[in-house]
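Data block below; observations after.
Chain naming follows the written order as A, B, C, D, E and F, and within any one chain the residues start at number 1.
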Amino acid sequence: MLAECGKTKVLCTVSVQDQVPPWMYKRNAGGWLTAEYAMLPGAGQPRKPRDGRTGRPLDGRSQEIQRLIGRALRCAVDLGALPEVTLWVDCDVLQADGGTRTTAINGALVALYDALLWMEEQKQLPKWPLRGLVSAVSVGLVGGEAMIDLDYDEDSSADVDLNIVCAADGRMIEVQGAAERQPFSIEQLQSMLQLAQDGCSRVRELQQKTLGL
Amino acid sequence: MLAECGKTKVLCTVSVQDQVPPWMYKRNAGGWLTAEYAMLPGAGQPRKPRDGRTGRPLDGRSQEIQRLIGRALRCAVDLGALPEVTLWVDCDVLQADGGTRTTAINGALVALYDALLWMEEQKQLPKWPLRGLVSAVSVGLVGGEAMIDLDYDEDSSADVDLNIVCAADGRMIEVQGAAERQPFSIEQLQSMLQLAQDGCSRVRELQQKTLGL
Amino acid sequence: MLAECGKTKVLCTVSVQDQVPPWMYKRNAGGWLTAEYAMLPGAGQPRKPRDGRTGRPLDGRSQEIQRLIGRALRCAVDLGALPEVTLWVDCDVLQADGGTRTTAINGALVALYDALLWMEEQKQLPKWPLRGLVSAVSVGLVGGEAMIDLDYDEDSSADVDLNIVCAADGRMIEVQGAAERQPFSIEQLQSMLQLAQDGCSRVRELQQKTLGL
Amino acid sequence: MLAECGKTKVLCTVSVQDQVPPWMYKRNAGGWLTAEYAMLPGAGQPRKPRDGRTGRPLDGRSQEIQRLIGRALRCAVDLGALPEVTLWVDCDVLQADGGTRTTAINGALVALYDALLWMEEQKQLPKWPLRGLVSAVSVGLVGGEAMIDLDYDEDSSADVDLNIVCAADGRMIEVQGAAERQPFSIEQLQSMLQLAQDGCSRVRELQQKTLGL
Amino acid sequence: MLAECGKTKVLCTVSVQDQVPPWMYKRNAGGWLTAEYAMLPGAGQPRKPRDGRTGRPLDGRSQEIQRLIGRALRCAVDLGALPEVTLWVDCDVLQADGGTRTTAINGALVALYDALLWMEEQKQLPKWPLRGLVSAVSVGLVGGEAMIDLDYDEDSSADVDLNIVCAADGRMIEVQGAAERQPFSIEQLQSMLQLAQDGCSRVRELQQKTLGL
Amino acid sequence: MLAECGKTKVLCTVSVQDQVPPWMYKRNAGGWLTAEYAMLPGAGQPRKPRDGRTGRPLDGRSQEIQRLIGRALRCAVDLGALPEVTLWVDCDVLQADGGTRTTAINGALVALYDALLWMEEQKQLPKWPLRGLVSAVSVGLVGGEAMIDLDYDEDSSADVDLNIVCAADGRMIEVQGAAERQPFSIEQLQSMLQLAQDGCSRVRELQQKTLGL
């Protein structure tokens, strides 16, 4: 699944491994889902060195993002309804121009849907485990005004950067907002959230179309 | 500076290093501030292995938290008004019982204030670089109701976990909210934010008292 | 540059860094070229863990391949005619079905050509440094007979696996042959080499077409 | 347990893990005890980078010290009389001013005693496994004269640095002496040992008082 | 087993471990053989830092060579005829002057023979698993002429560097040729291969003499 | 320099690097000496995995020993009288049967002497920097009696293990004694020290003979 948003391109794949992580052994608690996120070195300017070469530990930003992706998707799935498998979600950014984390979540949800369909065909699913679609957008406050889907240049000049992840009914699963230049008020947060919820519902329609739902 | 919140105890120190990170060399852009967060292995139950022993890369949760602390404190300081130094903020959790990341921010701000006073006495500061106090609290939604300063047991049963960092004027620097069990509505977010802003202003008073302001 | 060969897909990019490696500092010896090769975790079946996560050092096979790519491309370029830059060649396998290392070399050469054209436009090149095209193919001995461009299944059943890299005049830059099941005679090597040289010249035509030469 | 000696402060905790190390599996040989020692980055001047960040292997001095602590405490305990558990002894230096290794041992012994009492209350101990108290001091030769409990400045000017660990009956468990400036004679060693044994017996009295023995 | 070739000295040992690697557990597929190659830091000029110190991942050249040694020896042994053991082949270069990888293979084969004899004496071998001797030489093209057993200086001036590994019947197990300065023709490869096969048969005689066959 | 003591064999080399460590830059404080110690994997029974492979940090015992070797040799050399070089002392155990650390020191001193002679011939030494020979032995208490030069089996059954390093005048540079089974008295230490000093003087004679002094 190649998810695109503006010039940003993220390759999302889901692999099914017939094993749960060690801490779930023999608990009979269903399955697990884990996500990994990485940016290819040539995805942006300047080239970014690969994680893990030359003994450098994993880059903090990537780790933060992959934890977000994992939490968002685990919210979408009834893990207890899975067999004893681990779903590995890999999001690799081929080209980066703002919004890579939300694009990754949106694409990963579609890839996850496909993987679950495949498992169902293989008769591996006692019941359908997906609770509903999950979608994400990032919005920003540029010059005092809420704007959606910023590209890299707009993003750099935003005063506030807000990512939200929504469930199918529009309620929120995750909200992450950070002031880049100056603090923001509850009212400003309000207007950004409104915009973001609208954006999430538009993404949801695209996901449904892609999946033929 | 030993910050306590309930049974949680975090040791916060600030060290001044006469050097900026390599990417700031020769830019004449002032100083830098960076934070590290770690939990002592015996701080909670069960014992948590140390990061970096046995070649394990840095634990994702710690990395996420130390990035949050760094962002919050950098917002409080006019970096351009610092000389060419790096302020190292170390937050080590001696005992953990919920709210370690917000306790760390609150204590670190006080330790930072002390370090800046010391630099001023040494005549190292051309002007006072602190923009104002920064304080943080975590609130949760337990049984549909917003609650503040959860201990570990309450935290585990919360439906939503929200951390906010406020500037001195009450506006927000960072908002991080995640649904642990089920999604939340804008109204629920609203009531948690209200509670959190009140909490931040009470923390600010404690900080002022500690600093004798 | 996305290079494809059968179902194998390799994304090749070349980045120009305004710096040479430490061991070349102040030697006035031109530029350098280095290659990195990695397989995305979801590129094959089963999923392959990422290098460098969980402290695992770099996978031996990847390291061997990236050294091969680097040597092959350095043969194609007059490094002394470059300014003091490092050309970073990144080959990331998006989908794997045999022949990833030769596909990587073929695509990387094209990406390298593009990068050099861009440098020429920027007036960074005192003279054109590319000595000629370089192309690679892998051949195998299946059931006693030499075959070219094996997919994964054919590859697994081959008795011998041979990779060759050719210069523009058809002569060889690198030969790597390994018996997978039983040793091979000089005559068998001979017939594989013939087939490989033909394959390299066909690849060269494709490269020229892509580059509009 | 917070052990102090002059301005040196070491936090010592003992955690009980219901598992022995892999090499003891199925040997029915009782339990194990292992120690880890680290200095918090802000414990001394200048700030000391954390072990294990940026891929740096564990600092040699810390490793040497934690091996010493482990050996000293294992001498104090009849491991065969323990159930199949690992006792993790963590010594974290909060503030450093000379003698951190001996302060760590003295505090760790007290924390170990507490942990064993707790295990006894839990009915986990078939018999009391502690053979006796263990105490440690460091002495030095400053200007030809033996001195005990050096702070950091005295320590830096000492000609010889000697650490000894004593059993409850005053006999020695470990002796480590190193010439910092010039070699020492058997007579000088003799006088340092005398002083050290006296010091150990005074520490033992403090330990007994702390433990209410 | 200390293998020497000119001034090159490689210490080769084979250790028998009563365990197969995890991926072979419960497959009843016999045993495994794995090789490790390293150069002592003082083996050449200038001193080469040790792998694995200061967090540096394993040096690419060493990894490439140890993979070659492993493949070559696995070809010599019927792994299915081994009991469930891992044969660890360690090749440590004490002194380096060209040809270390081929000297390592030649010495390792002898050490392997010895280890198998020892296992036979211990009645650990249901049948003799060695298919035949394996030998290796490196040849080069210096000034257009094929030459064998180059020392370091000759090696540095060679246009082509070719390593071959032969089975007992003279057929090839592995061929690795790389142009160092300029590409080579099929005819040149041919003449180098001839020379190499002769060299391998001479090495085989030395191995037989050493083993008393 | 291959140092042997019983069946123990340690290869000791000294390399001269034209550079001091970063912390000595521009201090005009002479040179530096650093030691590394490692055991080849096949040196003992069972095979010992190499440090630094599979991301494992450096083995604690090796680190402790190489620090001891470095301290001992730095005591023997007037570092301020060296030019700005680093002397790298590498001690690699080829075969281990007790006493590897003391054998390493004894051999390293001889290799160091050779390296300094070579530097003198190269006119790199303003004055002769070696203060005198340094030698080391290990003694043990077996069945209540002091014994010297224990092999592996004796070592395993010793109650106390004591290593001492002596200067040329017989005075001590380092003493490390550890009770393996039961504590020891000052009298027992005394008798071991006597024996050790005698041993050191015999080693010194061997060193002088080897060096032709």
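In this text, contacts are C-beta pairs under 8 Å (C-beta built on N, C-alpha and C of every residue); 3 or more make two chains touch, one makes a residue touch a chain.
What you see is a predicted model; the values in this text were computed from it and never measured.
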| item | value |
| --- | --- |
| Most distant chain from chain C, judged by the mean position of its C-alpha atoms | D |
| Which of D-F and A-C has more C-beta pairs touching across its chains | D-F |
| Chain centre separation (chain D, chain E; CA means) in Å | 48 |
| Between chain F and chain A, distance of the C-alpha-averaged centres to the nearest whole Å | 56 |
| Chain E and chain F, separation of their C-alpha mean positions in angstrom | 33 |
| Chain A: positions in contact with at least two other chains | 53-58 |
| Chain B to chain D touching residues, read off their complex | 11, 13-15, 17, 36, 38, 40-42, 46-47, 50-53, 58, 88, 90, 92, 94 |
| Chain D-facing residues of chain F, complex | 57-58, 60-61, 63-64, 66-67, 71, 75, 166-167, 169, 171-179, 183-186, 189-190, 193, 197 |
